[in-house]
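Please read through the structure below; I'll follow up with questions.
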Amino acid sequence: MTSFPLLVAQAESAEFWQTFLQYALIGLTNGALFALIALGYTMVYGIIELINFAHGEVFMLGAFLALTLVLHVMKLDEATPVGLWVGIGLLLLIVPLFCAVINVSIDWLVYKPLRQAPKLAPLVSAIGVSFVLMNVGLLWGGAADVHFPDFVSRHNLLGEDAALSFTYKDLMVVLITVPIMIALTLFVQTTRMGKAMRATAQDPVAAQLMGIHVDRVIGVTFALGGALAGAAAVIYSLYINTVSYQMGFTNGLYAFTAAVLGGIGNIPGAVLGGLVIGLARSFGSGYVGERWTSALVFVILIAILVFRPSGLLGARTREKV
Amino acid sequence: MTPTAKRMPVWPLYLGVLVVYPLLVYPERALAGLTEISVGRQLTYIFIYAILALGLNVVVGYTGLLHLGIAAFFGIGAYITGILTVSAYPFQTGFLVALVASTIGAAVFGMLLGAPTLRLRGDYVAIVTLGFGEVTRFTLRNLEEITAGTRGLNPVPPPQLPGFVETPLSWLGIGADWSLDYRLFYYLALGVLVAVIWLLANVERSRLGRAWVAIREDELAATCMGINAARVKLSAFAIGCGLAGLAGCLYATTLTSTAGPDAFDFNRSMIMLCCVILGGLGSIRGTLLGVFLLVGFDNVVAPVLDGLIQAAQINTSGNRFLTFSNWKLMIFGLALVLMVRFRPEGLLPSAQIEAELGHERKSHRPAEAPA
Amino acid sequence: MPPLLAVEDLHAGYGPIEVLHGISLEVRPGEIVALIGANGAGKTSTLLVISGCLPVRQGRIALEGEPIERLAAHEIVRRGICQSPEGRKIFPRLSVLENLQMGAFTRRDRAGIQHDLDHAFELFPILAERRGQAGGTLSGGEQQMLAVARALMGKPKLLLLDEPSLGLAPMVAMKIFEAIRKLNQEGMSILLVEQAARMALMLAERGYVMETGRITMSDRAETLLGDERVQDAYLGE
Amino acid sequence: MSLLDLDKVTVRFGGLTAVDQLDCSVDERQIFSVIGPNGAGKTTVFNAITGIYHPSGGSIAFDGRPLRRPLTWRLIALAAVVGVCTGVAAGLLAIDVNALWRATIKRNYLGPDAPFSYRAAWRDAAGYVRGDLALAPVRGGRWAVRTADDRRTLGYGDARQEAEQLRDRQQQLVDAAAGAQVVAQDDRWQLVADDGQRVLETFDNEADAQATRAQYTAIAAAPVARRRDALIAALLGLVIGSAGTWAVWHRARRSPEVISRAGIARTFQNIRLFQDMTVLDNVLTAMDRHLSGSVVQMALRTPAMRRREAEARAHAGKLLEFVGLAHRETALAKNLPYGDQRRLEIARALATEPKLILLDEPAAGMNPTESSQLNGLIERIRQRGLTVMLIEHHMKVVMGISDRIAVLDYGVKIAEGTPDEVRANPAVIEAYLGSEEVH
């Protein structure tokens, strides 16, 4: 009699671990995408303590640019594989550049005049900019969801009948996001500009006294954040295949949540937060139900903030009296 | 100081116009030629949104907590009213009970949301409230059996009028049939709005109102003066969200439906926030002005312009660039950006500040001086 | 010879409050000038204005005869004024080495930077030991040395030191002052803000006394040291 | 007797020790000054006393007892209530509140004309949790027999009675299915309950019998699993809710508000007034805890409320007069000159009716006339029966009025005594003017 439940448990566990791994895999892939967007939030916050609400909308505009380029400029299709890959490569150059330019322009036009203003002012402006950009997206792509051509195959790399599924699409996400994150880390850790960014984030006045052109550093931060959002937009479009003017809000919200979860202003924190959100979403939809994933994500956020008010990797700040 | 105290107050004039307006037949008829929109009917909604915005003003304006999910509480109020009154459910408590239950229910949810945000820094409050707003919307959509999913609960029955109210109304030529005559809802909303303004103005001048502002101005100093920040913030959440619930109840009753969960999305919260900021944070008059301008623009001007464009047959092909409503967000957004840039204190900053400054521009707070 | 730094009738403040009501002072090449005064007198603000971190409301600042009062902070560093700010303001999550590299941010000459880095480590050997450690984990004295060394990395014509002995044990403060003397002997001009007035005045050639946003006395350091009024300001006698 | 006792108080930030093992005791109605060079840790001491920083070591006692928010039954009750609320919410969601609603409300409410029985609804709610089969009205006046969660329909009955019989039969099957066995009997297969006697159902082939057994076993197992999930969710919710309440309380245990209510008030080195409030409101705000009245009274502005407000205003006016700001009542705090702002901070601190007042550099930024007036003000504060603790750099102020002086240097107390003792102390002179031996 004693062996019976044990047997059942083992039989269950093989299947259990398989689905568990599958969810984990999906979660990490999606999480990498969120992390890419979250980095933009966190970098800007780290340096000027502003929640750049418009960041999600920059991401959305990037996706629309990718769509327009694919459909009307490059006229890509699957029939010419070489052209297709070159085209996607070009997308990964043009779209980030475009998003970087938008992000920097927003900073110059809207946020820069408000640097000395009370904290609420730039935040409200950011919300305003996000409205404007959302409207641009609405006029650009219309109110309905738009299909993005499905270029990347869903072929399972582990074999068609393998229990786990890891498709070309998943591989693409990993192949693009991981090098980007490594490059970003190297940039921030080793280059002159990267160090200037970190220095400015830690103490802007001291950074000025070192001869760092703080406004330029902020500009570079916005450019980098925008470029990351642009790259994320391309990957997202190729991965999810649906583009809409509201995607900036929903994905931005998850990404921002990821940034807060990891401790806003903290670059590794954003990546960690992105992965946690990705995992929470995929496990949530697997074990709790698709409909409750978003609720679950925010419940996790609130629970973490109650116990760790500055996020997972955030430093506790000491009030200056 | 300017002799503001001696000036005649102008609010009775505005109130008088609003009370008399529905009794005059002409204005609605004159507009009828231009548009299908009844200004009186839209004014009712504006009154309701004004209550909502005043609730938000308590949290954001007085207490300085950036609440980005006020629409959720509007929705909670509407749905509590719906559940308690629609004929599809056995409760059918009637309007007054629903009104009280919506207000208290939303206030309780507000405290539940407020509690975990008590120790958080400003930006974190923003994300938590924003998240809560979205969770509420998804929950309303997901609890299909209770909330009828995306369809919303309807019909929400109109309030029952006691006889002594009905008689004078009929003398004024107002029918007692709620479904035919918007004016009953109009006076109901106006009455509640005036009551809310009066109560809020009283609270503003009381111990609690001062504690709210003190928390906004300098939380640390306020706690060092013995103010229980947690309790004060929770009270702001409770009162602000309770007012939102009250507005939600009126909304559902006036619309005769709870509308779907998507009526209570982030955009609604943001438009309310825009109203408060445009008018002047922490100022009742400013908030009212903000609501009249922005919601009036959204509910009256935009559809009228769309109607005109259609009537003029400019946009026969359905080009999305030529539909005025498709530019609304842009206008809201630009209004916010320009407002913050050029008049950060709002159109009508709180009376105190204005009295003190005259018409001088408010300068930014000084940076912390080094020791 | 024109003074290295000339400040004339300088007004500045925060928001509605003006804290400097017309400061005039000068630093000649190769000298140490001490700026002393009570808390809140405006010493730190004066240095911040010179460095371009606080806007000038009225008045002139000239470096070697050229006006610099309208320049941005990073431009002023480029022209050769480096500051070790009050409260050290080192970058807490950058390593000691990175902090020093930040000090040399405006420079491109690798060899020169390396030379100055070696020199800084020579001056403060403890920093060489801790070069890989994050700045925030250093002790107070080490942080102060790092702040001074970091300012030196910009190879300034004029070094502004704001309270280098703040919060330090006398032994440590002494080390810092010795380093300052050494730097001056190598030819660097220094404007020193200090509360430890005697120490500062013994180091300096000339001194200025500040009170509530104004310069109330200026003289040779020895004269000030002997002045009763200076002692007054410190021990109330 | 001593009012405030610091015992080996240590404050560390990261690796830096700002205050090291400070012992200090302040007697009642004393003026006690803390002096020392900049960065010596004086303000940190004030912050540790007023609960802004938590000392890393040592203890602070006021009036003979440590200042902490007491652990009251109210907190325990609150944690329990919050825990139960989150637990119930999580449990409801896990057990599927949607289906529960359908089972209790919709099933028992047939329209405005039919009466609604709350007792039936309650019974059905319990039935849903137990996993009982239920009857649901369907179109054409017929009744369906369904599982508790409405996922599966097991049969229909034309009349209610007929359906009830069907339901009871099915319920038996469900209850017995797990232990039932399939037994071959005369070319047919019977499902026999585990007592081996009762025949539950008869089938034509074995496969059907086995399938039915499996089906009913699954139906019986579903509510068990759901109850287990709900229980886990409810327990999780309970733990998170009450632990969260505890965590929030724990962090606020020594919050400034607790200290202020115990009778310690303070001013700040960098003036921290409520800038956009009027002078009068600044003072009234600090009187908060002495004003009573509920939200309803405030909202309705009852006559009692008005009377209390008027009294408070009069009292605040007196305090403003006391510090010499009576004529500026309606000005905004930020528009006051620097010296007035400092005095307003003192009035605000006095309004909390403290026993001990901490003044952090009250003379900073004041001109000589103002700072000599300040001496008089501090003296008059003492005459009101208060104890004063003072951080000051203006030696005229300190030496003129202090009863005792403690000297801090790099976080350590290097001297304590009367002004004359301190002035003569060589360690103090060294800390202030620096050592003579620079060479």
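Each chain gets a letter, A, B, C and D, in the order it is written, and its residues are counted from 1.
Criterion: a residue touches a chain if its C-beta (ideal position, glycine included) is under 8 Å from a C-beta of that chain, and two chains touch if they have at least 3 such contacts.
Predicted, not measured: the structure shown is a model, and the values here were computed from it.
Touch-path distance (fewest steps) from chain A to chain D is 1.
Taking each chain's centre as the mean of its CA atoms, C is the chain most distant from chain D.
Of the two chain pairs examined here, A-B and C-D, it is A-B that is joined by more C-beta pairs in contact. Rounded to a whole number, the gap between the C-alpha centres of chain B and chain C is 55 angstrom.
Measuring from the averaged C-alpha position of chain A to that of chain B gives a distance of 33 Å. Spacing of chain A relative to chain C, judged by their CA centroids, is 43 angstrom.
Residue positions 16-17, 39-40, 92 of chain C each touch two or more of the other chains. Multi-chain contact residues of chain D, defined as those touching 2 or more other chains: 38, 52, 244, 248, 268-270, 272, 334-335.
Counting only residues that touch two or more partner chains, chain A has 292, 306, 319, 321. Residues 45, 49, 51, 110, 113-114, 116-125, 127-136, 138-139, 142-143, 249, 253, 256-257, 260, 264, 291-292, 294-295, 297-299, 301-302, 305-306, 309-310, 317, 319-321 of chain A are the ones that touch chain B when the two sit in their complex. Contact residues on chain A toward chain C in their complex (touch as defined above): 192, 195-196, 198-199, 202-203, 205-214. Contact residues on chain B toward chain D in their complex (touch as defined above): 1, 87, 89-90, 92, 112, 115-116, 118-119, 142-146, 199-200, 202-203, 205-211, 213-214, 217-218, 220-230, 235, 239, 352-353, 355-357, 365, 368-369, 371. Every residue of chain D that touches chain C in the complex is listed here, in rising order: 14-16, 37-41, 334-335, 338, 361, 364-365, 367, 393-396, 398-400, 410-411, 423, 429-436, 438. Of all the residues in chain D, the ones that touch chain B in their complex are 38, 50, 52, 82, 85, 97-99, 101-102, 105-106, 108-109, 111-112, 116, 244-245, 248, 251-252, 255-257, 259-261, 265-266, 268-270, 272-278, 281, 284-286, 288-289, 291, 293, 295, 298-301, 305, 309, 330-332, 334-335, 348-349, 351-352.
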